[in-house]
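A short write-up of the structure that comes next.
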Amino acid sequence: MTFIYRRRVEFAETDAAGMVHFSMFFRYMEESEHAFWRAAGLNIWESGENLSWPRISATFDFKAPLKFQDEFEVHTEMGTVTRSTIQWNHTVKRADVVIGSGSVTAVCVKKNADGSMKSAEIPPEIISRLRR
Amino acid sequence: MTFIYRRRVEFAETDAAGMVHFSMFFRYMEESEHAFWRAAGLNIWESGENLSWPRISATFDFKAPLKFQDEFEVHTEMGTVTRSTIQWNHTVKRADVVIGSGSVTAVCVKKNADGSMKSAEIPPEIISRLRR
Amino acid sequence: MTFIYRRRVEFAETDAAGMVHFSMFFRYMEESEHAFWRAAGLNIWESGENLSWPRISATFDFKAPLKFQDEFEVHTEMGTVTRSTIQWNHTVKRADVVIGSGSVTAVCVKKNADGSMKSAEIPPEIISRLRR
Amino acid sequence: MTFIYRRRVEFAETDAAGMVHFSMFFRYMEESEHAFWRAAGLNIWESGENLSWPRISATFDFKAPLKFQDEFEVHTEMGTVTRSTIQWNHTVKRADVVIGSGSVTAVCVKKNADGSMKSAEIPPEIISRLRR
């Protein structure tokens, strides 16, 4: 069950070395995750009352550069799921070339009235929909 | 009464043309405006109950490029002030070289419970502090 | 001859006020301009030997906010064309709601061996293609 | 030998969840690394003829949020050094609160005339200066 998100490199995403700035890949991974939610008929932004999904870890390994106007794909799969976390695994490709791969773990939190956050059980309905 | 904000160009702010991406200058102007508020002993983020300051217009004219690691200054002055808007005028300089100049107008709004916003009178205390 | 560029708001483009950061609209305008070039069968990044297109002025007026995951359009038209500059006029819309409108003027420059730039005549072939 | 880089959160760096967007921490780590080079009397951008320093891996673990206008520090140390790579270890702190920690590995490459890159031995002078 691999979801594929397609995108083109925009000029503001490049840096003076002539390639996409390395920090952008973390945004590409998040864009693909959010598109995965939408493809499952879900909206991460309205996933439950006072629920939010901050990231607790993120990693990426870079194999080849992306350049301005390159078309690329992010191949996204769910990895380990725990009571309150989802790991998302991503591979970025330009045609058959692997640009890099990485992983982002998000935690489901409940926001309290005072602004503090506490990890919460992921609603089972969300997991079953994301798995379909 | 010119406020001077000092900054260095970071790598992620450059683009594949080898210079700072033009959209960054709008961020530099905002950074200097927020530093101006702080220098006046104010906090734009807590300027009054439910008050917020979205931008209604922004303009910049580019004269010379900034490059990675360049040190530069934003010279910031208050321009026209109306009941609910403040115009901020900025000149960006690298030593004696004018990099460009621009203007951003912010409007004071009151956020309603339903999330909508309505322009509001700027608290007089804020204007008098910003003018000092 | 209006070109329409379609896009969705990504999370990293929002700010703590819960809407798209104002500087992003300058990126959206540039993305639409570059897509306009591609739709004309051109590539702004390879538009001629040593030619480049820095921006000399940019302006935007904000009417309504865009929020996370909003789908929007940038309606883009060529404005005034001179020997070495092209003005691009843009209107950003979410369905029938005008989010704002702006203008960006780019200048055609020739890069010299020493890294300096000098404004250059726009190749007539480029203008005729962009006009088609 | 810990280098400390000081910074304040700017508004454009926050997102609609009211905190710094997670991708920004990769920029903060890079800013601190570049400041470390400068503190050592070096310039990563002119570190040797045709040398460049793309990143081959990056990771960050998030412990607590940073918010608009927060002052924070990045504590940066050199980790493992190989023939052609330097690992940089970073901890982000707001006063005594650990916001998160991460690591970025950069590889020294030589750019060929055709635009391709090949990993290269790090000039010993650079390592000895960074170590001082």
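To keep things simple, chains are lettered A, B, C and D as they appear, and every chain counts its residues starting from 1.
The rule is simple: a contact is a pair of C-beta atoms (placed from the backbone, for glycine too) under 8 Å apart; a residue touches a chain by one contact, two chains touch by 3 or more.
Predicted model, so just to flag it, every value in this text is computed and none were measured.
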(request) Between A-C and A-D, name the chain pair that shares the greater number of C-beta pairs in contact. (result) A-D
(message) Need the most distant chain from chain C, centre defined as the mean of C-alpha atoms.
(response) D
(request) Averaging only over C-alpha atoms, locate the centres of chain A and chain D and give their separation in whole Å. (result) 22
(message) On a C-alpha centroid basis, what's the spacing between chain A and chain B, in Å?
(response) 32
(request) Calculate how many whole Å lie between the centre of chain A and the centre of chain C, each centre taken as the average of the chain's C-alpha atoms. (result) 27
(request) Would you give the residues of chain C that are in contact with at least 2 other chains, written as numbers and ranges? (result) 11-12, 16, 19, 23, 27, 30, 45, 68
(request) Going by the contact rule at the top, pick out the chain C residues touching chain A in the complex. (result) 10-12, 27, 30-31, 34, 38, 43, 45, 68-69
(message) Going by the contact rule set out above, which residues of chain B touch chain A in the complex?
(response) 11-12, 14-16, 18-19, 21, 23, 67-68
(message) Applying the document's contact rule, which stretches of chain D touch chain A when the two form their complex?
(response) 16-17, 19, 22-24, 26-27, 30, 45, 52, 54-62, 65
